[in-house]
Amino acid sequence: MKFSARNTLKGKIKKVEHGAVNSEIQVELPGGAVLTSIITKTSAQNLDLKEGKEVYAVIKASNVMIATD
Amino acid sequence: MKFSARNTLKGKIKKVEHGAVNSEIQVELPGGAVLTSIITKTSAQNLDLKEGKEVYAVIKASNVMIATD
Amino acid sequence: MKFSARNTLKGKIKKVEHGAVNSEIQVELPGGAVLTSIITKTSAQNLDLKEGKEVYAVIKASNVMIATD
Amino acid sequence: MKFSARNTLKGKIKKVEHGAVNSEIQVELPGGAVLTSIITKTSAQNLDLKEGKEVYAVIKASNVMIATD
Amino acid sequence: MKFSARNTLKGKIKKVEHGAVNSEIQVELPGGAVLTSIITKTSAQNLDLKEGKEVYAVIKASNVMIATD
Amino acid sequence: MKFSARNTLKGKIKKVEHGAVNSEIQVELPGGAVLTSIITKTSAQNLDLKEGKEVYAVIKASNVMIATD
């Protein structure tokens, strides 16, 4: 399946924390930066997300903001 | 100013393309990956975004999705 | 590739309209309802989106609101 | 009240699940497809969302992504 | 129609600027603050948005971030 | 740090409620209107958000919708 979201970053899951309906997933990128994602707990379970698993963080371009020093 | 958005990735602007009301900004991360951002043209002008400028891509955690192979 | 976004609706492209940096894609669902999507023009071109093509509209659960009469 | 969000899909609530601050609402569309929504628990309570209630799923066009096979 | 989005701010349109597929709408709040909104041009036309018109800016709670000095 | 998000509203925290992974923050604006924000609990803790603290609600323009009577 090809996807319109412009941003796909490969990484490895560092931590998974489940709430009642949402889960927080931390993904470590190759350079060491960590991205945090909030998805539904059902999605986290459907994708069998666990520490160490290789995944992609996917972000729609209209959700990326820019900041300057 | 400290900010609630969990994800901040430092990079350098690779390309800026202006539309009538929105602009597309491409940010190259240290490892070579390129993030694409859509912001208003007014924001791009206010921040004086130009090729080569060091910026941060900022993403709210609830806008990061996860995919697996 | 498996994806965390909970909502995937199959449909057929009814109309594509390109702006300078964004494109508007209209997807007709089997029952006749039409979903409108805004993605970058580059994505629309990468996916070769054209009238009549079968596609999926994909929506993260946190972006679905509820209204009542 | 008329609303700028382009996408409004009528359906019936199939399931409501409450977390501490968010709730997950599943809406069954006429054709049988199920949309999942995450809204605040306070909204779910204000709208008195319950299984079987007729509601609309509302989605801003910029939050609809496209995928192809 | 009652709506799950938690944030509704009444204001008056200060400026409308159309692009090819999106429009930028500026809404002046009673205290003088100005909110900027990007919606599709079709929505702006459907709602007949013009300078001086009284409207509501509507924002889903998961799209509101917090910053501190 | 300068930020591309177009909308920044100053206010005072009225209420903080923590869930397992997300927190709901209510911000009272000068005119008395209250904005509700959902951010991760970790962000709420990192920013030390508490009742009475002065903060900014920050919203990307593409996340502001418009409604009319």
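We call the chains A, B, C, D, E and F, going by the order they appear; numbering starts again at 1 in every chain.
Criterion: a contact is a pair of C-beta atoms (placed from the backbone, for glycine too) under 8 Å apart; a residue touches a chain by one contact, two chains touch by 3 or more.
Everything quoted here is computed from the prediction, not taken from an experiment.
Engineer: Chains touching subunit C and subunit D alike, please list them.
Structural biologist: Under the touch definition, subunit C and subunit D have A, E as mutual neighbours.
Engineer: Which chain has its C-alpha centre farthest away from the C-alpha centre of subunit E?
Structural biologist: Relative to subunit E, the chain with the farthest C-alpha centre is A.
Engineer: Tell me whether subunit B and subunit C, two copies of the same sequence, contact each other through the same residue numbers or different ones, using over half shared as the line for same.
Structural biologist: Result for this pair: different.
Engineer: So using the touch definition from the top, which pair is joined by more C-beta contacts, E-F or A-F?
Structural biologist: Counting C-beta pairs in contact, E-F comes out ahead.
Engineer: Hey, which one of C-E, C-D or D-E is the same interface as A-B, over half the contact pairs lining up?
Structural biologist: The A-B interface is reproduced by C-D.
Engineer: Can you work out the whole-Å distance between the CA centroids of subunit A and subunit D?
Structural biologist: 23
Engineer: Between subunit A and subunit C, what distance separates the C-alpha centroids? Give it in angstrom.
Structural biologist: That gives a centre separation of 22 Å.
Engineer: Taking each chain's centre as its mean C-alpha position, how far apart are subunit C and subunit F in Å?
Structural biologist: 29
Engineer: Out of subunit B, which residues touch more than one other chain, so two or more?
Structural biologist: Residues 1-6, 19-20, 22, 24, 36-40, 42-44, 47, 56, 58, 60-63, 65-69 of subunit B touch two or more partner chains.
Engineer: Sort out which chains touch which and give me every pair.
Structural biologist: By the stated definition, chains touch in these pairs: A-B, A-C, A-D, A-F, B-C, B-E, B-F, C-D, C-E, D-E, D-F, E-F.
Engineer: Going by the contact rule at the top, pick out the subunit D residues touching subunit F in the complex.
Structural biologist: Touching subunit F from subunit D are residues 1-5, 19-22, 40, 42, 60, 62.
Engineer: In the complex of these two chains, what residues of subunit A are touching subunit C?
Structural biologist: 1-6, 37-40, 42-44, 46-47, 56, 58, 60-62
Engineer: Using the touch rule from the top, collect the residues of subunit B that touch subunit C in their complex.
Structural biologist: Residues of subunit B touching subunit C: 17-20, 22-24, 36, 38, 62-63, 65-69.
Engineer: Give the list of subunit E residues in touch with subunit F in this complex.
Structural biologist: Going by the criterion above, the answer is residues 3, 5-9, 24-25, 27, 29-31, 33, 35-39, 43-44, 47-49, 53-69.
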